[in-house]
Amino acid sequence: MAEAVAGPLDQHHFAIRRLHSLMGIVPIGAFLFNHLLTNSTAFLGEKNFDDHVLWIHHMPWLLAIEVCFIFVPIAFHAVYGVVIALQARSNVSRYGYGDNWRYMLQRVTAWITLVFIVVHLVHFRFAHWFGAESYAAAHPYFLAFTQQGFTMWLPMSAWMVIYVIGLAAAVFHLCNGLVTFCITWGVVIGDDSRKRLSLAAAALGLLLMAWGLISLYALGTMEARGPGGAEPAHVAQHEHLS
Amino acid sequence: MAKLPVAVIGGGLGGLWATLRLAEAGIPVNLFSLFPVKRSHSCCAQGGINAVFDIKGEHDSIWQHIVDTIKGGDYLADQPPIVSLCEEAPGLIRTFDRMGVTFSRTPEGIMDQRLFGGVKNRRTCFAGATTGAQLLYAVDEQVRRWEVEGLVNKFEFWDFLSLVLDDAGVCRGVTAMDLKTSQVRAFPAAATILATGGLALVYGRSTMSSNSTGAPAGRVYQQGAKFANGEFIQFHPTGIPGHDKNRLMSEACRGEGGRVWVPRGKGDKRPPRDIPEEERFYFLEEWYPTYGNTVPRDVGSRAIFKVVHHMGLGVSGQEMVYLDLTHKPREFLEARLGGILEMYETFTGEDPYTQPLKIFPAAHYSMGGLWVGYEAEQGADGLMRMKHASPKNHATSIPGLYACGECDFAYHGANRLGANSLLSASFSGRVAGDAVTAYLKSEKKAGEEIESSKCEAERARQDEINQRMIRADGGENAFTLHGELGDLMRTDVFVERDNAALDRALDGIRMLRERSANICLDHKGDWSNQSLSWGRQVQDMIVLAEAITKCARMRDECRGSHYKEAFELKVPEGKFEGDPEYAEYKAQWKANNDQWLKHALVSFTADGPEVEYAPVDTCVMPPEKPRDYR
Amino acid sequence: MADAQIRFRIKRQDKPDAAPYWDDFVMPYAPGHNVVSALMYLREHPVNARGRGVEPVVWESNCMEEVCGACAMIVNGTPRQACAALIDQLTQPITLEPLSKFPVVRDLLVERERMFAALKQVKAWVPLDGSQDIHEGAPRISPVDQSLRYLFSRCMTCGCCMEVCPQFHEDSRFIGPAPLGQVALHNQHPTSTYFRSERLQALMEPGGIADCGNAQNCVKVCPKDIPLTQAIGELGRQTTVQWLKDLFVR
């Protein structure tokens, strides 16, 4: 690393590490929680999903929020995370303890998640830069649009594999990261409290996985009506308001 | 101008304490050690450290500690230093406490004390089962702090080779070898403190660490320092014989009902459990029906030695006997001896709950060592004690050379009290540091650097010895020689001695000495040549062994750890003070003291050790009554 | 008899900058050997399995009772004290390697100076006014606190925890688990804690506590069962508080 960069990085080393750790939970972890929660509503029906997404789209300062609380934190967490991950000399082949495996997986899932997030953003958020239809244009038929996305460029089965892997990586990275966050910050100290925390994190992981999987299931199986169907009630309502 | 540093050789408790005192006085120190000082042998001491705090309502007193130490040593130690040792022990322990030593605590949070061998009162402070390590680490930390301050310069992985003496015979520096490069360097020094620990490796396998060779003491002895009371080596009856060392097994096993036996048939190869009761020889129970297996340490050691070496009944023909606990219920053993038996299992791989332990006496602690002096001073209470910060304290017979810790001969006389060794190591290190500080003030010349030609000449001499040894191809293996030395010492200069055997031993040692001139190393290079440093150490161990054996040969009496059956004064059985037989015994005892209550001082000559005798300072408590443990 | 021999495969290196190589050794079996006692036999009989005379294997050992920390090496893939590694409990051939995280001096001998340097960095000592008797001991310490400190005070700086730590290696600045245990020890002592802030600030430098990756290997190989992860958690909390103090109070 160039000296010019090393200077301030070294000077604020602890703060940067703590921030990196914190960002993973808040806002990134919180965002992932919310994202998967929203997605899971697809399982409850097209309207349900479209309602929730629409609610998000009507948040004030959406772009600012998106940039400040999602893009910048993820970019920071990713870039500095690469710096951290490159320092690791994983040794699970020699010392195959469970915790050591999780240490290694935390770094492997970081790489997978990083790649997946790029794919995911290109796939939906910035697809229009690559000749596809803009997400905004889907308004307000989000589920139908999303379902279309899953057949764009690749067959749906391939997308499903990619998304299941990405989902699992991101969920593991978050939940294991929650444990290491608590150790790092000194929230838990003793062995017993660490074990309890690990159980709680595993439970959270199952919940998030379930949300993710049922939304993928819904996408894969549901027949969305989209613009061809009746106008969703919430759209009409919205139009009345404006 | 930068001050000339003091050289401290050895970084155990003694060396570190001396270093600490010097650094606190603003004197720079070059600290030499064969390994990082934190690994020194002091860490092996488990039991504890004595100091009178009298926290158990036993009316323990410092005077009682003094008496116990004097009597325990069979009066063979100069007494004014013992007074200082015991008086300053509580202050020393308080300092350790302040250093953060994790002493075990009473429910009220003060240092706890427990009972230790040979005394009646609870006087021993302890930190779990690793007291020595805890004390060592505490001083190590304090010295590290002075290292950061720049006053202490450590030379770890360096082997001390010799003193640099000026024309007047004053020690003005040292030479040492870098164990990585084999490079020899001379270090001018304002004064030198030797704190190189014990020498029990002259017994081959002992309870000591594998670097406790005594070679540094042997080296300064060959340069003119007087060695004293070498014949007094403490043997521990229950060592666990190993290929590498004889690990210490707590005496508690005998106390808790362990039975010592060997098969009656010579060379009986059966596993111990298959040997029927009537074919087992419970020799302690047979020979000493009153005490049985709990006879005192020295009696037990000698009985085991006799069964193995005189009767040839050692288990599998080897130097070991059984110490059997298998008749005791497992729960009982776990509760009483759990930790100790776990250690046994770790290092032997055998299950002491179902297999008898195998034990043999092992050389443990050397009461003798380099002769050191002191300046006595009478206090207002009339007691003579060591004068604080006198340059004479712990000074060897070579001006400018001091010695402290196990490598000196002070405090313990003919036998050492349990938990007094950590005390004497720390205390003497502190005293030596203060003494050198005073010496530097009083001897202006000490601060001047000796002419470099003297340093260079000594350096070249040492380097030449190295080169000769590397080049030599005489066919003697240094490791084999050490093994033979140990076998010889463990046979003829061990727990019981007789003059014929000692004469034989002296002949044997002389032959080993001749052979050691023909050591041929398997390692011919310079880089990290452990054979070279070992080869040189073996040569010096042989020289020291000769001094020890000579002392033993000359002393025709029984005192402390030194036992010659032919000269034993037996207490008349059933007779006490007032009986004429006892009066006669007492007269004999006094006559023996008149003849033998004196320090053996050994000087090195090319023809072998020369022993002279010097009086023991018994001004504090003259020997009036024999020890009587009945 | 298959067990009549002890077979070794030893990773050797003649100089710090030389390439390592493997050398095989065979010696007669005798009950009760441990790795160090076997190495002692081999140094007296330095002939390798091919019958070629070689320079004796170089290693470090001292106490032989698992308290001095000198003989730590990798025995059959696991870092441990060689003196407590009994031949009868090891599968053969027994592989011996030097600790890989420290510079090799020769064969199995490594230079662990970095660990001692770390103790300087974190001021692992009680700030004493002097070693003279001040006619007072340390303040009272409850038996509970004492036994907790005792767990940490047994660290012998052997380096096993450093060896298995994936964050500690020659290219990283991470201080490693052993010195962290010593900070935990000292920050708990009633007077040593006077240095608390300084120690914590040292740990907040690059290579400090924040570089721990929570692999938790350290605690699994410690020959003294020192609760190193507990120390790390505790210090995580202490540095967090210190950081916030520095941010908002100073």
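Observations on the model:
We just call them A, B and C in the order they show up, numbering each chain from 1.
The rule is simple: a contact is a pair of C-beta atoms (placed from the backbone, for glycine too) under 8 Å apart; a residue touches a chain by one contact, two chains touch by 3 or more.
Bear in mind the structure is a predicted one, so any value in this text is a computation, not a measurement.
The chain occupying the central position, as judged from C-alpha centroids, is C. Here the largest set of C-beta contact pairs joins the chains B-C. Spacing of chain B relative to chain C, judged by their CA centroids, is 28 angstrom.
Averaged Cα coordinates give chain A a centre that lies 68 Å from the centre of chain B. Averaged C-alpha coordinates put the centre of chain A at 40 Å from the centre of chain C. Shown for chain B are the residues that touch two or more other chains, of which there are none. Across the complex, chain B is touched by residues 14-15, 30, 32-34, 36-38, 40-41, 43-44, 46, 53-56, 58, 60-70, 83-84, 86, 88-89, 105-107, 109, 112, 116, 119-120, 123-126, 128, 130-138, 140-143, 146, 149-150, 153-154, 156-157, 185-186, 189, 191-192 of chain C.
Interface residues of chain B facing chain C in the complex, by the touch rule stated above, are 17, 20-21, 24, 35-36, 38-41, 43-44, 88, 91-95, 97-111, 127-128, 130, 133-134, 137-138, 141-142, 144-145, 147-148, 180, 209-211, 242-245, 247, 346-349, 430, 477, 479-480, 483, 522-525, 527-528, 530-531.
Interface of chain A with chain C (complex): residues 9-10, 13-15, 17-18, 84, 87-91, 94-95, 97, 99-100, 103-104, 179-180, 183-191, 194. Listed in rising order, the residues of chain C touching chain A in the complex are 77, 164, 166-167, 169, 171-172, 174, 204-206, 208, 210-217, 220-221, 227, 229-230, 232-241, 243.
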